[in-house]
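Reviewing the structure listed below.
Labels for the chains are A, B, C and D, by order of writing; each one numbers its residues from 1.
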Amino acid sequence: VAMGATSAVTATPSPASAAGLATIKVAMVPKLLGLPVFEANQKGALSVVHELGISFKFTAPATASAEGQVSIFNSLIAQHYNVITLSADDPTVPVPVLQKAMKAGIQVISYDSDVAQSARDFFIQDTAYNTIAQGVIDAAVKFAGPNADVAIMSSTPDATIQLAWIGAMKSYIAARYPHLKIVTIGYGQSNQATSLSQAEGIIHSYPNVKAILPIDGAAVVGTAQAVAALHESGKIGVFGIGDPLPNQKYFADGSMQGLFLWNEVGQGKLTMLMARLAYEGAHGAPECTAKTPPAHPSPSQWCGIRTNYGRAQYFNGAAVGLPGTYSIAAKANKVSGATRNTVIFSKPLEFTRSNYKKYDF
Amino acid sequence: MQRPPAAVAPGARRYEAIGVSKSFDGANVLTDVSVTFEAGQVHTLAGENGAGKSTLLKIMAGVYQPDAGELHLGGERLAGLSPRSAQRRGIYLVPQEPALMGSLSVTENLFLGILRRGRMRTVDWAAMRREASAYLARVGLTVDPDARAEELSIAQQQLLECARALAHRCTTIFFDEPTSPLTAHEAATLFSVMRSLRTDRYSLGFISHRLDEVLQMSDRVTVLRDGRSVLSGDRSALDRASLVTAMVGRELTTRSRARPHLDASGAREVLAVNGLTARPQFEEVSFSVREGEIVGLAGLVGSGRTEIAEAVFGLRPVERGTVRLAGELLAHRNPRACIDAGLVYLPEDRGRHGIFADVDVERNVTAGVIPRLQRWGPLLRPSAERSMAEQATAQTAVRMASLGTLMRSLSGGNQQRAMLARWLLAGPRVAIFDEPTRGVDVGAKDDIYRLIGELAGQGLACLLISSELSELVATCDRAVAVYEGHVVGELQGADVTDANLGALVVGGTPR
Amino acid sequence: MSTTPVSSAKPGASQARSKTAGRQETIWTVALAALLVVLLAYFYLAVPDFRSLGTSGVLALCEQFLFTGLIALGEAVVVLAGEIDLSTGAMSSLSGILMASLWQQGLNIWLATVLALFAAALGGALNGFLVTRFNVSSLLVTLGTQFIFGSVATAVGGNTPPYNFPRSFVTLVGTGTVGPVPDQLLVFAVVAVAAWLLVARTRYGRSLVLIGYNRAASRYSGIDVRRSLLWAFVASGLLAGMAGIFVSGYYNAARDDIGDSLLLPAITVVVLGGVDIFGGRGRMSGVILATFLLGFLTQGLLIRGDSSLTATMVTGVVLVLCLVLKVALDHRAWAQLRELLRHRVSGMGELRAGRGA
Amino acid sequence: MTALSAPSAPSAPLRAGETGSGAKRSGPVLLGMLRRRELQLVLAILALGALSSALHPSFLASGNVSFILADSVSTMVVAVGQTIVVLGRGIDLSVSPVLGIAAIGVGFPAQDHNLSIFLALLIVLVIGMALGAGNGFLVAVVGIPPIIATLATLTIYGGLQFIFTGGQEVVNIPNAYGNLGNANMLPGVPWLIVVGAAVVAVVWFWLRRTVTGRSIYAVGNNADAAFRAGAPVRRILFLTYVVSGLLAGLGGLIYLCHVGSADATTGSDTNVNLMSIAAALIGGTTLLGGRGGPVGSALGAVFLSEALQAMIASRVPPIWEPAGVGALIVIAVITDRGATPARLLARRPFREPSHGPQ
């Protein structure tokens, strides 16, 4: 690992590479620096900004803080960025400043974690809430049976997505496995040491728990570690939402049974593509209204994506090497969690003890 | 009892300061001072506040570096002396305020810097405890070597400092005003220790503002005035008058009453204390002070006078008892209420309870009357404040560069005058003066008592606490004696004598 | 009363006051002001994006650090008295959340604000009570209450803290302007002037400063130390609460941890403003200047394109440099250093030889 | 020769009571011991354990007990370092980034190059000492008040930690580390506890039985007096920060072994600063300096860890857990009789009295 990488990454395309496209300034602002999920997003973004004609900047507060993000947005507005992409630390706090940005003609795209709809043009949702929740619950039931006690490990009581996932899990359980019981929800505060203590506490205090479902990156590792440390590997199942790489050890020693996640690198690419298309849409390029957009569009065939509620729109991910076509939700969808102008990135990937070695994030 | 530690050095080496000069912030504190300390002698430094006595001893003990001049120990020139290297050469300064490590044991305080080590070079507590008893015995201190230093009385701490000098094998020991916080009795104990050290050919340096002590203890005396040595000679060649003249540069009328006894029995009773009790400090304390009267509160250190005074001033809670000012009950007893009612208290520990060292004189002087700086509206009035401070400091003749001078740069006597000025501003009817002349030089002492006398002459009721009986005798119209927290007697007018007071304060009866 | 002067004070000497007592503070304040001017000039000349903000844009930057300034003003009151309040950040969160929740319950927002401020003052009073009643270190007490206020804020906020307050509210304490001047700045100016007057020109402020210099002597001078300290904590709580309201207005949302990140910058501002952490010495004008200095420094660096990490670190470095400068300004320290060096050089061998013996 | 106190002591109750004679202390030995913070803590730990297991029989299961112990070790080690600084009348607010930098400093080489654990130990000690020396320089040499100096280095070191991670996270540490961090030496006795106990014992011995250790107490008690007694005050102060850094670095390695990961927020996310101060404080070390010791701090760390587990076991809603910790701190503070003197904050940087006030 390189020690001493800088924290604000900037990449500027050479003019030749961006055939026929004006260079635009796009900033990617995750919740905080140094979190592997966001680094994976950045990796994806960096791999495509060149051909998309994007002058790219990756910047974030040092610790997760909505106020820190607001300061950064303010400075990006002052620096005349064309598109701001963000994973919101809080859905409401940045609303005023993002609206100011939109008023200044800046396209705002949230990814991973949404802000209030009034404060962004588009949202790239990782994956549908119901799909991923179902994946986790089904896997847990397969391991522990439909009548088991399970516990959930989250980060904080007000983490938006995690609340949505928990909600989706609960409704799925109510519908499919009425005897499956969620005995408690532990909070690991997004850090591994606390997650570890919490998970240990849960294992001790709820001896009947047969599976623990950690749905936050730190909680996943902390839970697996607690299970391993208390020699419960294989007796208590761990199924969660997180990246495989930090958990290789636990997959290997049997403390971890299954994880679900979207392709974070791909999500970064898609975010940049979306940034370009949104910019084009706002600056006169034709809308993407075709039912089936060209399979391999060249930049000249690109169309812009406008804030246009109520009409289904499609675009093709091939430009950045992503398979398939993405649709933009026209209206809110309770089940998937989509809201207006939302692009659902992908179905979750499932990592198991047999396939975890294939992934490097 | 333990065998005393191996007989110390055959005697101290001769220690000389030659032509030492020192200035602080451009002000010359010492100018070309030479002084010699010899084995088997007590050499006293005398002089007014701010004359430079402490500074000289500190230079010789390595605390300060001289700007010019040399230090010679047994003929060897010392350069770049630090406290540590001074101690290693046998030079030890017992500071004016004992500087001990309060929560550490007596033993550890004794040996800090030279902790005894046993096997594996680790600290050998057992050995140190053994040795400690011997050193403590040598200075006549009977305390548990494991007691924490902060549990000792001031006098005991002073002796502990002295034992520490011995433990460090120091043969030249400087005492900077050791007796000012001590009772006569405690001082006598210290003196006997000093004498026995002198017999063992230690070289002792001594500072005191009490002329009796100077005359009684010294073999040699050097008088400093304004940082210069104005007199240096054998005790035998000096008498009280010549000493005072050298120190003050003028003659003083010593020890005679400045004012006649006042029989105030007909005057209005301004302060009446009745049955004041706060056990175990004091119990059933009753006394009164009348208009224009100076009443002495006599007692040994520790007899509880300060506690009584502080309780009267509302600084301490009491179990029962009343305080009346001009007949009116002081109901809410806190300092503010007392001040507003016309009762002020000049604290004993000036450095800690009196002055704001880093604040200018002006704000120091007005600190007791802050509410009055605000007569109209919520804002302070700087001009009024200035003129109040100017007037008060002029009244008490504070010597200072300006009202903006920091309090810390005033000499002790002038700080005390500024404190008096603070309370004059409050326009008091009763004033309690607790050891007003502690650490104050002879000249200033005289001035302060004269000032108190004048204030009484203008009708102020004064309660004067002093451990120097002769001062009480010279000043008071009446005296109340306190012994172990109880009022044990009262003397009126001409009955206020050294002998009578001396008998009362140790629990006896006056003849 | 009049007595015969033994010797008199030098006439006209009182004019010299500023030359001695307050000199260091004055130098410090002037230096801060100069630094602020230099900083703004630098950003204006060297950073085009900063220049293109225009006057109103630059003024609008203030909206992002004035709440830190508010907390710092309250903190300074406590620090001047020789104490410290570590619970101000949590208190900001709590008051913002409380205001928002009360409003969500249907209360008029201004009434909710008043109640929240009252609660903040009460929280400050709790700190003050614990400190004065038990005579213990405020550093530790507020370290503890910080956690407690934080928990209460989380509990009050629940899962989805309220947002989207009425327009009038957001305008006044949030993002509204009068001409080019943000409303916030006007409110801050009023509070700052009041705080300055309080400390420098009122009887209470005088008591506070004296307490900071010498607590025992203040008590012996008739100053009610406990009550003054209690009020200092109340002031600190109140201003922290006000900051919480400002923050909520500016973000148009309340959050249970929004104040956490404000504590350290606020203390930095207080120290940079020249307030002696041991109490007594310091001026509110310095604190006010330091608010703008640190604020513009951070915002300017961000606009220059630096990462927020860099901006934070620069803050730390600036703090260290200023403190070193302060030690250097203190001419006593110089003399001491000289003396120390002399000591060191001549006494070195001996010191090295020296533990045992 | 007569004892000085003789004439007044037998009579004056105030003095006789305060002079702490030998007879007085040998009397109610047990009572005296009960007043010791260490013993109080042991009792509190046992009582809380009993209470929790009454609520939840599994609380005292051997696995949980040893977990509580092991979980507290990294805080414990840092708290012991913090104690040393506090004994010298300072405070170190930069222990969290020091812990974090040490953890990532060996975490990455361990993950990528299978760094040996002994080398790792060496590296964390060096890192800790270097960063501690930075604090020591600002406090002891420049003369900046500790709370401010370490506040500044908190920001600076925190920034360095971010820069060093380069956005990466340590996720896979070699087994040797994990074993040390989670395995038992004997059944029910985790390795970490042995490490923690060893650190406490060494520091206790150092503070109690060496000249340097005693000098720290002396300096914390009264720097001027210590200076006069020949203690190299500045050097001692410097040393306390170096040792605190060193132990924070060691805490980083322990954290890495126990938790198995490290990233840019390690240390600050678990509030190591506050926890170490809280542990020291609960353990009876007063911020006034010169009073307290490592044993109490270690027990304090265990107590904190136990209290958190007890709160989980007794179903205290998680949002109230910080409040629980806060309440513990407040209670510890107001029951600490040693901490009464007014201006605790008044730990001015030591200045040789060459120009100091009288």
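FYI, a residue touches a chain if its C-beta (ideal position, glycine included) is under 8 Å from a C-beta of that chain, and two chains touch if they have at least 3 such contacts.
Model, not experiment: these values are computed from the prediction.
Between the chain pairs A-C and A-D, more C-beta pairs are in contact across A-D. Mean C-alpha positions place chain B and chain C at a centre distance of 40 Å.
Note on chain placement: the centre of chain A and the centre of chain B lie 74 Å apart, centres being C-alpha means. Contacts with at least two other chains are made by residues 154, 216, 309-310, 312, 332, 339, 343, 351, 354, 356 of chain C.
Residues of chain B found to touch two or more other chains are 25, 64-65, 84, 88, 114, 117, 357. In chain A, the residues touching two or more other chains are 6-7, 33, 62-63, 157.
Across the assembly, chains come into contact as A-C, A-D, B-C, B-D, C-D. Within the complex formed with chain B, the residues of chain C that make contact are 1-10, 13-21, 197, 201-203, 206-207, 209-210, 213-214, 216-224, 280-281, 332, 339, 342-343, 345-347, 350-351, 354, 356-357. Residues 91, 138, 142-145, 147-149, 151-156, 158-160, 162-163, 211, 230, 232, 274, 277-278, 281, 287, 317, 319-323, 325-330, 332-334, 336, 339-340, 342-346, 348, 351-352, 354-355 of chain D are the ones touching chain C in the complex.
For chain B in complex with chain C, the touching residues are 25, 64-65, 79-80, 82, 84-85, 88, 114, 117, 315, 334-336, 338-339, 345, 347, 352-360, 362-363, 367-368, 370-371, 373-374, 378-380, 386, 389-390, 393-406, 422, 424, 447, 451, 454-455, 458, 460. Of all residues in chain A, only 1-7, 32-36, 38-39, 42, 62-63, 157, 184, 186-187, 189-194, 196-198, 200-202, 204-205, 207, 221-222, 225, 228-231, 245-249 touch chain D in the complex they form.
Remark: chain A residues 6-8, 33, 57, 59-63, 65-68, 70-72, 74-75, 78-80, 90, 92-96, 116, 157-158, 163 touch chain C in the complex.
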